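Both complexes below contain subunit A, partnered by subunit B and then by subunit C.
Our next item is the complex of A and B:
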């Protein structure tokens, strides 16, 4: 206990030295938290936007559909199954879909199109598709017509009210053909989608492709992305082995790889920052050790063992690291919460580009307990590693030389 | 009985290109109850000798025995433990632990020795009484004068019940009155407790209070005689 008391008293014996060291840890924590919060916020923003528009966090599919996107691998989906997925606590919305391909023909123009049959209300709830209508109207549950991507409409040269013919192959090789009125034009964020996407209501698509009561996927959105695996497990329990329950990581590995690559480069930058921080703290610790070598020598000369002295100095460093890490985290919290509520708007070309990709032009921040714990622990560990220097120094001290100096 | 024996002590520093011989062939004994001064001009080897006798440094040649124990044969850790139980130190610059009060500074040594709280408190009080500082026991070093700090240092040096106390220029930073006072206290404690005091000095006020004076010059003993007062 005496060592703890002495360590605490030592800290305040030279307030300036202690405050300088605490400040170096404090600013390190604030800086890494700010940078990491922004980076993780951006990833979260990209993932949430992408998943809400396309796959959802989790998808239920017919067995093998992810590998072979054929209607033969579609699945029967009952209202009971739909409701039971909806009733899982963490689930915010579910969208049953049919995804297929067709040839769209208008007068003498024919284009390949991606046909998506969906529940318009559920789709709007999941990704605000209704807000993307630029002309005409959004689909209602009883619509028999189609919603066409702006780029596709241009390629087919159709306007709202025009009709187009769709030709495809339905379930079990049935021929599929239908005439659909264009009810609305929508602007989709990605050019590839905008140039090829055509939406029908789910019943219309089921009629068109002769697959009543069947869908190709059930997209599931959840409230907390961290619980993705947990929810996936719950969903899996609701379906037999004839279904696949996949997370977005399995559905769109490209997105995952892109984020992991970006994250890896971010971590390299962060490591460089950690290194700078470590040397900053190391500098103050070297200064502190040099100032106290004589004091350490006196204590050893009167009978204090180096390990007892090291323990006392170690406590001092732990307290400094904790003061810096905790105060840094506490000071960062309101700032990050403010930034989360008021993300930095992206203006100019960057903002326009972001908007074109269907993302809100903002630099969002992520605030989570794990962020604080991870960064706090890393800086704390750095401080502890740096504290090895005085311990090393104490064990190499030449008492006689120091006392003579 | 010999408390300290120095046999053929030689110390050579090889840190510079030319080796520096600080001590050469030093031989002497210190017996129970001695109050001995080691004197000599700056650079004569006084501090080096005290450091070697106190186990703070090791000789290049020769050996030191304290109470029959050859310090050369002790590992660094054993040597620290040996110092803790057998040797008291008083330094020129007082060197009290700044964050502890006078009482805590005295008790700290006994804490390192793992003595009971009851014993620590009792002996701490006795020693502070002996150096006339019981009324300043709860003051920190910064709140004490130089003379008071050095008296606390003497009490601290005696707290471990050492075989001898080494004092390196104990009065160098004190005025005449404080130096005289300190010498009186050290002398009284030497007589009362029988603890050996061995101190280096070139202060005439101190030299004439010593009962034995060993004079060093250029790392060798120039003279070793009893002081007639």
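Our next item is the complex of A and C:
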């Protein structure tokens, strides 16, 4: 206990020295937290945007649909099942959809289109599809018409009010045909979608493809991305083995891989930052040790064993590192929370491009407990490793040389 | 071996070869008439669903046919017109007549195990194949039957490499038809049952087509009513008449 008392007294004996060392750890923590929060925030932003645009965090599908996107692998979906998914606490919206392909024909033009039958209200709640209408109106639950991507409308040369013929293959394998009026034109963020996407209401698509009561997928949005696996497990309980419940990681592995790749390079940058931080703290510690060499020699010469002395110094460093890490985290918290609430807007060309992809043009921040714990612990460990230097130097101190000086 | 014995065998083979042609011709005559009208129920079975279509069809010689879908409601009024080797489809939901291109002739018809080609029947069982007897067999209802092997002639528009028909000896009715692909693998089997008098003829009124490579798939066609040699002429088979169920 005496060591703790002595260490504490030592810290207060030279306040400036303590302050300098604490602040070197403090700034390291603030810097690392800031950079990491921004990086993770932007991943989160990309994921949430991509997922809310279409996929959802979790999807219920007919068995095998993810591998073979054919209506044969569609699933029966009752209102009861839909409601029970909706009533899971963490779930914010659920969108039942039919995804299929068709030939769209207008006069003598024919184009391949992706047909999506959806619940217009749920779709609007999930991704604000209604806000993307550039001409005409959005689908209402009873409309029998179609919502057409801007690029597709241009390729087919249709305007709002025109009719188009869709030809496809229905659920029972027979040919499916229908005439649909164009009710609205929508601008979709990704050119591929914009050039091929056609929305119908779910009942209309079910009629068109002769698949009453069936859908190909049920997209589920949740509030907190961290709960994805928990919610997936809950959803899985509601459905039999004839259904697949998949998370976005299985649905769009490309996105995940892209982020993992970017994160790998981020981690390399972060390691370099850690190294810089480590040397910063190291410099402070070297100075501190040099300053106290004489003090250490006196302590040893009046009978303190080097081991005891090392232990005392070790306690000092732990306290310093802890003070730095905790104060850094505490000071960062309001700043990061402020940045999270008021993200940096992207302006100019970068902003425009981001907007075109359907993402909000901002640099968002992520604030999570795990971020603080991870970064706090890493910097703390770095500080501890650096403080091995005084311990090492105590053991090879030359008392007579030091005292003579 | 005595030469006369050899001659006898050779003679028998040629005799049989002629007979095989005749047997197929006779069984064909039983089924086909100059003209016909029939109401058929088609049941399509898949591992996860079963679907029933009711169909009315008219035919004249080998060249003309009209098929109307009577139910289910979603497909009611859809019709198919065959004129010689061409096939058209009328889709009431889009008010359009589309020609079914040759490229999808071997595709399933209305999701069944019959192909568009089965409807058009561009090949003639009698003229486009060479026929020979295999060993006799016992047909499903117990009577003896010939097994006739049909090999398509090189110029015949046929996708099969070989077809084997079981034709009963007492009434020349086909009871079973096996279809083989170009590798000689059995691909589908059509079983013909419920031989009944209908429209003044004795015909099998139930046909079941079962593809061998898809478990749980089969299509049953059952005649509910058939009339033969009705008075109908070529002008009936028009695009105009496709639009209204007759």
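Definition applied: the second predicted complex is superposed on the first by the 401 of 405 C-alpha atoms of A that agree within 3 Å, B and C clash if a C-alpha of one lies under 4 Å from a C-alpha of the other, contacts with A are read in each partner's own complex, and residues count from 1 in each chain.
Assume contacts are C-beta pairs under 8 Å (C-beta built on N, C-alpha and C of every residue); 3 or more make two chains touch, one makes a residue touch a chain.
What you are looking at is a predicted structure, and each value in this text was computed from that prediction instead of being measured.
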Subunit B versus subunit C as contact partner of A:384, first or second or both or neither: neither
Partner chain in contact with A:170 - subunit B first, subunit C second, else both or neither: second
A:399 touches, of subunit B and subunit C: first, second, both or neither? first
Between subunit B and subunit C, more extensive residue contact with subunit A: B
Partner chain(s) touched by A:179 [first = subunit B, second = subunit C, both, neither]: second
Partner chain in contact with A:210 - subunit B first, subunit C second, else both or neither: second
Which of subunit B and subunit C A:4 touches, first, second, both or neither: neither
Subunit C contact footprint on subunit A (complex, rising order): 72, 165, 167, 170, 172-175, 177-179, 207, 210
Subunit C residues within the subunit A interface of the complex: 44, 48-49, 51, 74-75, 89, 91, 93-96, 98, 108, 110-112
Interface residues, subunit A side, partner subunit B - complex: 2, 6, 9-10, 13, 295, 298-306, 308, 399-400, 403-404
Subunit B residues touching subunit A - in the complex, by the definition given at the top: 47-48, 51, 54, 56-57, 77, 80-81, 83-85, 89, 91, 95, 97-100, 108-109, 111-113, 156, 160, 168
